[in-house]
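The two complexes that follow have subunit A in common; it is paired with subunit B in the first and with subunit C in the second.
Take a look at the complex of A and B:
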């Protein structure tokens, strides 16, 4: 039995080792930029590279951080209601054939390469969203200043968030469905026997899977923060910080993928990119830990094992 | 988990392993057939993405004749390629700009001798998407109008200064804002284009300057957009009416191409002929391959060249290799053969990928000297 224990603990320990070594490498490589710029690395929005004079180089990731958080929050906000209703529909209302078809579709969506979403988002979704969503909203609400501008190509924070949301729906739906079907039958019977309508029953049951909702939110958010290819193709890649979701922005991941190729031609750029990766990892870790803690606390209330 | 599920998973794993193994086995068998002599030689390179399709085409053609040589090239970016070359990870680097002086001395200190030479030429085209303009017409832009557009001084397509240059289509130029699409990634294409702008405009030089990444003035107005890579710029242009941007020649399909004013005041579109004309004009300014090219300000010398029909924004892509004693003897010989083939046979039309332009013999000569050096000749 001990040998079995050893075998099963072997790979998890390697995983932890790999993850911590990544963390150390990131910290080590971002030290030069953190020493040079300090907190302004995070709060400044200037991104200036100079080959001829390293003294002129300045890297602030505020714009990219803003874009990452904005797209991720917006994406999660879109994902949650859509995946919640999909999950309820599948569990409660869908006939068996439809349910199977939906399940297969969702599985296919989950396995599509992200670049497919990216290319589709860039070539089809962005112009469509621009013509049928963004321009009407800007025309109607342009006077509010927030919506006064928009990205002429349709590639913007909103489009990126939409693509992210579509990519995350299969995962979030899977978590919610799993939790919903795990609710012990006695609760369901109890609620119905008390004379609750179907809608009331669903509302009560949803309250019981709060932990799964939080887990789905944490996972969607984490995936949205980390997604690279699809976001880079749809976010517009402009160093512009704006409240409007219709303006082209930048994310930390697109910063990394856009600039790593030539980062070594500058003195500090590669350190700045490592620093950006480190900050992103920290944000993600905090969010996922917070989500998991909340989820497990709620799960305990209803006697679920997590 | 039930027993059946475990069996199913194991079964799936076996199928996947078998497929992967089969592919691998065929690959090995495929590459082993037709060995001519000796052991197999592997030459590794990486770097610029711009010449990658051309380099792959050469590699495919060359290694199908020389079965014992295997050449790998990965498009990871010029900067990464230079860094990998200096760190000894690759045998040769592909790079759009030559090594900067500090990298050059670092490499020379490490390897004793370092050679750089052009392998292929190309051009940066200015592409646009104005649905009203017929496909047969090429919008004419002078260098000063171009700079004024990019500085934000000309906002609309129907600006008088643009109309003046295009009297035949004044009624077709729309009153729409000019959207400018540029590269979001750090790019040699951007460096070439901004160096050209700095050459033709002192105002551009002092306010924006040149480099692989610059702060585009139009971004602040919301009319400037970044897109990743040449494909990203091209597809953003296609989906954004009234936009214009700069791309490598190969990516202009389906877009209008600007006829740009050259040094002699003629409006020229980038074609094989107009680029060759430019190349002829600049062949004499290129230094010998063992020199520090950065000191010669190559880009500034090759851009906006003289010549009636020269296209002004041309570019070279380079190989960077080290002195023969840094390689295994066989590798040095194989690399020399490959370079020689690339610069002679490889420059013939049948091997040149669309969008690239072959080097004239005077320029190919530079790299041929390196091939001789590598052979220890």
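Take a look at the complex of A and C:
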């Protein structure tokens, strides 16, 4: 081993050190609550803080977990068709000028700070969604028990999912686009020469990048689970667990933001928050890992350029 | 019969095309709406307090005056600068290691890890720095915020710099090594020079990320609305100010949040345009 390798190996080690110590610190700090409440920490939805008697404190994150999964699933469901068609449009239809314009636009969407999305979602999107989507649906379907109530500010699970979906479009599009352009040209030529229309060709080609589509879903889901700023501003932040997407809720991340400030006045609250963060991080990490592995394995099995 | 079938297929094709174009427009439309709305409201706020917006402190909540966001600007500047000073060397050397020793276990792990860290929930970084730095130091500080931003920055710079170094043609590598220089000289004087555009791109991306990130400094920067208290005192930051002020019910603070959001949006767009001029394909 040469000296240069030895000296520079210090820096990648820092990266690994930071990453692993984040997990260790979180696990260490959430042990007290996990020991105290066990599995009921995840399945219970009571959030009871008590200043006088620590024994009365009880923290269950089911509400926040429900909100996180609900927003992430909704967001991914909205992102997928939008990013899929954007990717197809860029690869198949767009002339060069349009393609470049779209590339710049998507880059800007990807770099625009999340807090700007949050501000827009909270002050402009939420009232619009309330007036034009939520109220008509509640009026039409209010007799079903699910849609009987809604958040008066417009800040709700649905709005948060909408903002998340918009934020995830550039990332999902990038993955799908990369996979799509990796399909060897001969396949496309073969399909077209059989007399297929463009639609039919696209359908067959999409079948070839199935793994990349799943990877894009997993990655956007993982990203949606971990997103904080924009969600906190749009989800409404209330301890309500409902099937309706139009009710204000909590996500794990917004729970952290809203409760962390005064958590240290209680005995177990801060541990509960670290525990919640750990659960969220695990979901996020599994999704991201699955997405990244799928994306790379897919390229290998088809023998495409990696 | 055959003709009709063909007609149906063509109609299907047309409908599909229209749907694709429609959905594409729908997915980029929000960006333009965001930009226009933020520009209108932000410019209104900036017009109202003119230069004072950049050099004044926020006026007390509820007053008719707006004041400015000077403490947030200086806070953002100091934290991002410090984060760059720490983060850029670490990430550049990491990317050099990954490219120079691609077969070693360490570089394989780091390659994956950098990708994973770009998708990492930034609020976790905030919690981590809170426990590791803020609690021992006893107070949130600009320094702790800078450390958070360093962790935000590292994966983006590493990935992009790695791509830049990888794109150096193999013949150049061979020629450089055949000069008989030691590896460190080859890398620092020749390779970094060849890849300078890519390296600059990577740094700009990292800075753009650090500048806009809110969640990672939420628990580490503290609250400094009216002044800047030095490196080891509480600090403000532009995204933090937006996040806090937009949730208040004071008209003048909400106005300030819009103004700050405008500045953040414009600076992000400038960085993206500079990147486009520097390099064609950007990986974000």
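We adopt the following convention: the second predicted complex is superposed on the first by the 275 of 306 C-alpha atoms of A that agree within 3 Å, B and C clash if a C-alpha of one lies under 4 Å from a C-alpha of the other, contacts with A are read in each partner's own complex, and residues count from 1 in each chain.
Everything below uses one rule, namely that a residue touches a chain if its C-beta (ideal position, glycine included) is under 8 Å from a C-beta of that chain, and two chains touch if they have at least 3 such contacts.
Computed from a prediction, not measured in an experiment: that's the story for all the values here.
On the superposed subunit A, the two partners subunit B and subunit C do not both fit; they clash. In the superposition on chain A, A:249 makes contact with neither subunit B nor subunit C. When the two complexes are overlaid on their common chain A, residue A:123 makes contact with subunit B and with subunit C alike.
Of the two partner chains placed by superposition, A:60 touches none, neither subunit B nor subunit C.
When both complexes are overlaid on chain A, the residue A:275 reaches neither subunit B nor subunit C. Once the two complexes are overlaid on the shared chain, A:260 sits against subunit B and subunit C alike. In the superposition on chain A, A:22 makes contact with subunit C only, not with subunit B. In the superposition on chain A, contact is made by A:240 with subunit B only, not with subunit C.
Contacts of A:86 after superposition: subunit C is touched, whereas subunit B is not reached.
By the touch criterion defined above, A:2 lies against subunit C but remains apart from subunit B after alignment on the C-alpha atoms of chain A. In the superposed model, C is the one of subunit B and subunit C that contacts more residues of subunit A. For the contact definition in use here, the residues of subunit A common to its subunit B contact set and its subunit C contact set are 122-123, 233, 257, 260. Only residues 49, 76-80, 82-83, 100, 103, 177, 179, 181, 184-188, 211-213, 215, 219-220, 222-228, 232, 235-236, 238-240, 242-243 of subunit B touch subunit A when the two sit together in their complex.
Against subunit B, in their complex, subunit A makes its touches with residues 47-51, 122-123, 126-127, 149-155, 232-233, 236-240, 247-248, 254, 257-266, 269. By the touch rule above, subunit C contacts subunit A in their complex via residues 9-10, 12-13, 16-17, 19-24, 26-28, 30-31, 33-34, 37-38, 89-90, 93-94, 96-98, 100-101, 104, 106-107, 109-110, 112-117, 119-125, 127-128, 131-132, 151, 154-155, 158, 182-184, 205, 208-209, 211-215, 218-219, 239, 242-243, 246-247, 254, 257-258, 261, 264-265, 268-269, 271-273, 275-276, 282-284.
On the subunit A side of its complex with subunit C, the touching residues are 2, 4-5, 8-16, 18-19, 21-22, 25-26, 29, 81-83, 85-86, 88-90, 92-93, 102, 104-120, 122-124, 166, 169-171, 173-174, 197-200, 202, 219, 222-223, 225-229, 233, 253, 256-257, 260, 273-274, 277, 280-281, 284-285, 288-289, 292.
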